[in-house]
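Two complexes come next, and they have one chain in common, chain A, joined by chain B in the first and chain C in the second.
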Partner chain A sequence: MSDSPRRYAQSAALFARAAAVVPGGIYGHMAPTLMVPGESPYFAARSEGARYWDADGNEFLDFLCGYGPNLLGYGHPEVEEAAARQARDANCLNHPTARFVELAERMTALVDFAAWAVFGKNGADLTTWAIQVAREHTGRKKILRVAGAYHGAHAWCSPGHGGWIEEDRAHIHTFPWNDLDAFRDFVRRHPGEVAGVITTAWHHPNFSPAELPKPGFFAGLVETCRAEGIVFILDDVRSGFRLHHGGSHRFFPGCEPDLAVYCKALANGHPISAAVGRSFLRKAAARVFLTGSYWNSAVPMAAALKTLEVAERDDAVGRIAKLGARFRAGLHAAAARHGIAASLSGHDSMPNWNFADDPNSYRAQAFACEAMRRGVFFHPHHNWFLCAAHTEADIDHAVAVADAVFAAMNSDAVVPAEH
Partner chain B sequence: MSDSPRRYAQSAALFARAAAVVPGGIYGHMAPTLMVPGESPYFAARSEGARYWDADGNEFLDFLCGYGPNLLGYGHPEVEEAAARQARDANCLNHPTARFVELAERMTALVDFAAWAVFGKNGADLTTWAIQVAREHTGRKKILRVAGAYHGAHAWCSPGHGGWIEEDRAHIHTFPWNDLDAFRDFVRRHPGEVAGVITTAWHHPNFSPAELPKPGFFAGLVETCRAEGIVFILDDVRSGFRLHHGGSHRFFPGCEPDLAVYCKALANGHPISAAVGRSFLRKAAARVFLTGSYWNSAVPMAAALKTLEVAERDDAVGRIAKLGARFRAGLHAAAARHGIAASLSGHDSMPNWNFADDPNSYRAQAFACEAMRRGVFFHPHHNWFLCAAHTEADIDHAVAVADAVFAAMNSDAVVPAEH
Partner chain C sequence: MTPLPPDELLARLHLEAVLPTLGELPGEWTRAARLTRRGRLDVELRAGRDLATRVRLRDGLLRVAPGGGAPAVRLAWKDHRSFNALLRDERPRRLPRVERGLWRVPMLVRLGRMMAEFSAVMNPPDAALERDAKRARAHVRLALNVLLRALPILAAHDAPTRRALAGGPAGLILLAVPSADYSAWIRLDADAASAGRGDPPAPPDARIIFRDVASAARLLRGALDPATAVGLGWVRIEGALLLADLLDVLLARSDAFLGRPPA
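And now, the complex of A and B:
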């Protein structure tokens, strides 16, 4: 891996500058410690379609899509034109614009159970607000969530160790994904105390394989929620509008949330999140104060309207699903060809890729590192994302690169990076 | 007020549509109930400089500036060009861009005590993170804040009644603005328990006059913080870069925060917030997980860099201060001329305007309503904002309109709206 310092010289130089003026240099989900330290780009410079160029000018065929916001392709011309046109008129004002109304109407038409919509800037703005709405509606305190699921960086759910106190989680309780008995048991032991349950549409933790819902999991969860007056919140921040144009709950039979939160794919990278809910939650929703300086800004709303329109018109979901199936088949065949024990998990549009017998993620890091050297960006620990700008040729190229990396891994030419 | 239905017909029609699909129609700080219900625009359509046009095409000379983000003028050409240029290259990617490093370097150079910077999307993203950093650094739980101050819509500080539980505020305590004795007394009664104190640079509540810091207030507060190891957090979200190019603490002698949060004026309406801190907080800052889907996006960072550059080059602060002094003198003279007991309070760049003997805010609402009819937007209950795009002629025109409204109020031609 001796060529890496040259390959990522600008990234390294920028990181040295960042480390002087930013705690940790780069924080949060883009921190280099979560990628391949020393062996992946740290800074990007340009993007187009399904490709980006890092600070050193290295080109990557991208399978992370900005961690999800890139649904239609970076810099999609129609979305950018809609945003630019709106920017020429107005953006951040004393009042909302008509875009606010149009987008709320669009969201409530799009999501089958939605009687109302609200908007924020981050996913966590609204996952946090959603548990508040559940508490306000029920007059109860307890929130159930799935162990290991990500709902944002707020104190009640942050995966980080610092900055939260026991009171922040005094009424936050976890149960294992797909474990309906554990969920029901908790509810039974706390009658009249559970305000809400929040889950993703399927379980996509970092560092381990994704798990789809077992048959009956959501139906059983919903049955208990209805019987006990518990609000079911779907955190569709990461997968919303990638599995189904009407929201990911439509993809999984029995998944019938009362409130859902969307974010990443909503505006193809423009900053906006949304929550929608059933009619019975409208009063509680109106009582939980919700606002931010830029939350009614018109440009991201114009971008969201255009993104939803283009995604539906061009059947982005269907296109990505087809590409994803091709990708899965190709990767599995390549791995089998080289006797590599590894597999894709989760939904094809945003799969996890995990090696068997890889307790320290060395193989995942070596694989990602070697693919990056060959111009394909696979994240070693996080689920990948496909977008509508990927082509069949892109998928085939990525599979060919994976095939070459598997060969190199078998030949012992690939040594895990030191840690 | 019989002409209002016609004047605001489009706003009313959009609001009726919004009310069908959004809890409360418009929520948060832009809710019509916080303006002049039925007598002010609810939706905006276009903006330029210090003016905007509502959904009915009514033109307003604006003294709210989008609640603060408009520092240089709506649609400032240099800021919009910098944003558009960055958007053509890249925005929301797998990594930050060089803009991230440049902005962190700029913020730490600009703010005298800042050793590091981080970025979010909302003010509350970072006021909340700041109290977490104080807790992480000290290993203590208690946070002191000023009663009636606004720090965002999160559960620990929301001004709303709904959606928070007692545990959210178990270690949040208030003291009255400017009451150093109360602050010291609390600290004395809770030795080794106070993690941090958060204040604004001066007190600017809604519905009542603003209060500047008493001489010695900040110096005394800082002295106690230093002696007791308490982190002093300045919430400069609303006023940052309007009073002083280096942050509002520079304007008030003795105000020496350990950590400060900026937002509204930072990027002239593009969505970004920032926190900066002293070196001793760097480790704690790195331990409190901080991230969001769009937080490293390059466009708002490019807009912030250009906004800070133009503001300093054109001395936006000095220009606004001069306009503010002219405004104060003109408004006070007009009120005196008509025997109206009312006055400006707070800093001239973002003053509060309050009538004496106005317990139900009827006079404030009547004043704002009549000014709107004459094409000038004054908020009835919230502090106003001046921007660098205001001219002396704009100020003189606004004073003339206020003069005419005072005359009408005295003639009994103005009847408070029914509530």
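And now, the complex of A and C:
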């Protein structure tokens, strides 16, 4: 891994071609605008374990993990072998395969409260479906969600400015994370109107530090939901199976959802999402039409079965937690050594890294650029991810790179790269 | 502040954002400077009953602003829509009534020539911008000036702009085109926007820097969306991305009113 400045000529050339034929060039969360344009790759070419190579051949030790799907390491041999084996037999047919049943059985065994499971492709397929189920079950309209939380790119929740109308959100209401009083107040003011509440396991917004649930937050939320017949939906799309093999709710006392949605880490990069629920929601779940051209494809299901098996067998969660603690300690010590006020927040398996007094992310951007030049991929605005393919040596290397970047930041040696 | 009907809002943008920029044309464009060296001009343009501005040239100084006694000439359009049609160069032309100074034909001719120069800088064919660096520079500087004037008006009277501002972050943005010697600032708040030329009054929360005049011209003319322009390196954004994202929404609103229809 060299420390030489990176060059992104191929990325730039591909982007120029994309710009001619794709609105925005690259849209959504991978859009260059959300990184530091010109200072990070736009296109990837190859990956292995905890590393990837961009279109120009630059190698990165990766702390974004494809925004979460990489749990066991890119191209995990056992998962890929299971997927390939399944692909030889069948993938997208007239019917589901036995993998469909096996995976539903596996999910309901794995998640303690789950009586049933369904599958989609992306997180938002099922966060959206989950609120439909809550409405169907309760016969009510209103959905509460936490302000600033991400649940997908659908009209009811997209953070984008375009493509939705006020009516799409007429019954979607927000309350601040951890603010039990605000939640209860809304419920009190709308008796018998709230169908469901959807939250993540902790608050991990872009651009700002993460916030873990306050003691009593989930317990209080669940208490109100039970008393008022409100469906509690846990959006575990991003964090599911990184904190606990049985789902993130197991990690946070009092967090007892009625319905949970999983996606990213479920099949180590193969396209599949899942929702599981308590038995009282089964009828409503059966009544809300759910399907998609590829939603019953067998290959991602085989990959999910293998991912869950390997993750449990190899204690991926425990391994990531240990690496995460090492990473936290190392980064904090390095920052302190250079007198830099910055900290990791959230859970160690997918921490947010923020500098103090950096409301506009200037320092975060400078930090990420410098780290990328040294071959370590840290996102400037989004939470990071650790995976089971990271090694202690990788963590130590990343900390050493951060240490060098802190030194450079202190000496004002941080200069913009040439594209 | 109240949302205005689209025609009225557009007339207002024409009168309070576009036309005042005509006053800056002589400083940017030699042919316009020549036109203003001699002669006099005092024409009020009135759209509907309530909106008006006045183009005045005296002692070589061109100014566009409302008010100030009886004008030498008054051109009045019966409603906002027919006034807008003129500035959008729509056919058939809807001619105004000349309410005062019908006999001051030379003044009207001078105004017509000035407007033609203005249009040559503000709405030139793409090819002219590509090969004429001076025109491109003037175009970028004046188009940005229009924008600086348009944003506070949209923030006050355009419902989608107001909704975006209310839901977005507040902050100060630096906008710069170093190769055109241009810098400006825009302040976005929950219920208003303000803007001005020169250095921002405080350290900016976000910096938006255009790589060169040609890129700025293409972007301002809607040849490309801002996200693609950023990816291509035409524009650099640093700092508060959500603030820059909010400005993008406002630019789209400005473009919806003042931009050219897509090819």
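Just so it is clear, the second predicted complex is superposed on the first by the 408 of 419 C-alpha atoms of A that agree within 3 Å, B and C clash if a C-alpha of one lies under 4 Å from a C-alpha of the other, contacts with A are read in each partner's own complex, and residues count from 1 in each chain.
Throughout what follows, a residue touches a chain if its C-beta (ideal position, glycine included) is under 8 Å from a C-beta of that chain, and two chains touch if they have at least 3 such contacts.
Model, not experiment: these values are computed from the prediction.
Chemist: Is A:P37 touching the first partner chain B, the second partner chain C, both, or neither of them?
Modeler: second
Chemist: For A:Y74, is the partner it touches chain B (first), chain C (second), both, or none of the two (neither)?
Modeler: first
Chemist: What is the contact status of A:T291 with respect to chain B (first) and chain C (second): first, second, both, or neither?
Modeler: A:T291 sits against chain B, while chain C stays out of touch.
Chemist: Which partner does A:K141 contact after superposing on A: first (chain B), second (chain C), both, neither?
Modeler: The first partner, chain B, only.
Chemist: Regarding the shared-chain residue A:G24, is it in contact with chain B (first), chain C (second), both, or neither?
Modeler: both
Chemist: First (chain B), second (chain C), both or neither: which does A:H161 touch?
Modeler: both
Chemist: So in the superposed three-chain picture, is A:S411 touching just chain B, just chain C, both, or none of them (first/second/both/neither)?
Modeler: neither
Chemist: In this superposed model, does chain C or chain B come into contact with more residues of chain A?
Modeler: Partner with more touched residues of chain A: B.
Chemist: Report for A:S361: first if it touches chain B alone, second if chain C alone, otherwise both or neither.
Modeler: After superposition on chain A, A:S361 lies in contact with chain C alone.
Chemist: Could you say whether A:A12 touches chain B, chain C, both of them, or neither, answering first, second, both or neither?
Modeler: second
Chemist: Taking the two structures together, which residues of chain A meet both chain B and chain C?
Modeler: 23-24, 26-27, 42, 161
Chemist: Going by the contact rule at the top, pick out the chain B residues touching chain A in the complex.
Modeler: 11, 14, 17-18, 21-24, 26-30, 41-47, 52, 54-55, 62, 64-70, 74-75, 80, 83-84, 87-98, 100-101, 104-105, 107-108, 115-118, 121-125, 128-129, 132-133, 135-136, 141, 152-155, 158-165, 167-168, 170-171, 237, 263-264, 269-271, 273, 282-297, 300, 377, 379
Chemist: Which residues of chain A touch chain C in the complex?
Modeler: 12, 15-16, 19, 23-27, 31-34, 36-38, 42, 161, 207, 359-362, 365, 381, 419
Chemist: Looking at the complex, which residues from chain C come into contact with chain A?
Modeler: Answer in residue numbers: 164, 171, 205-206, 224-228, 230-233, 236-245, 248-249.
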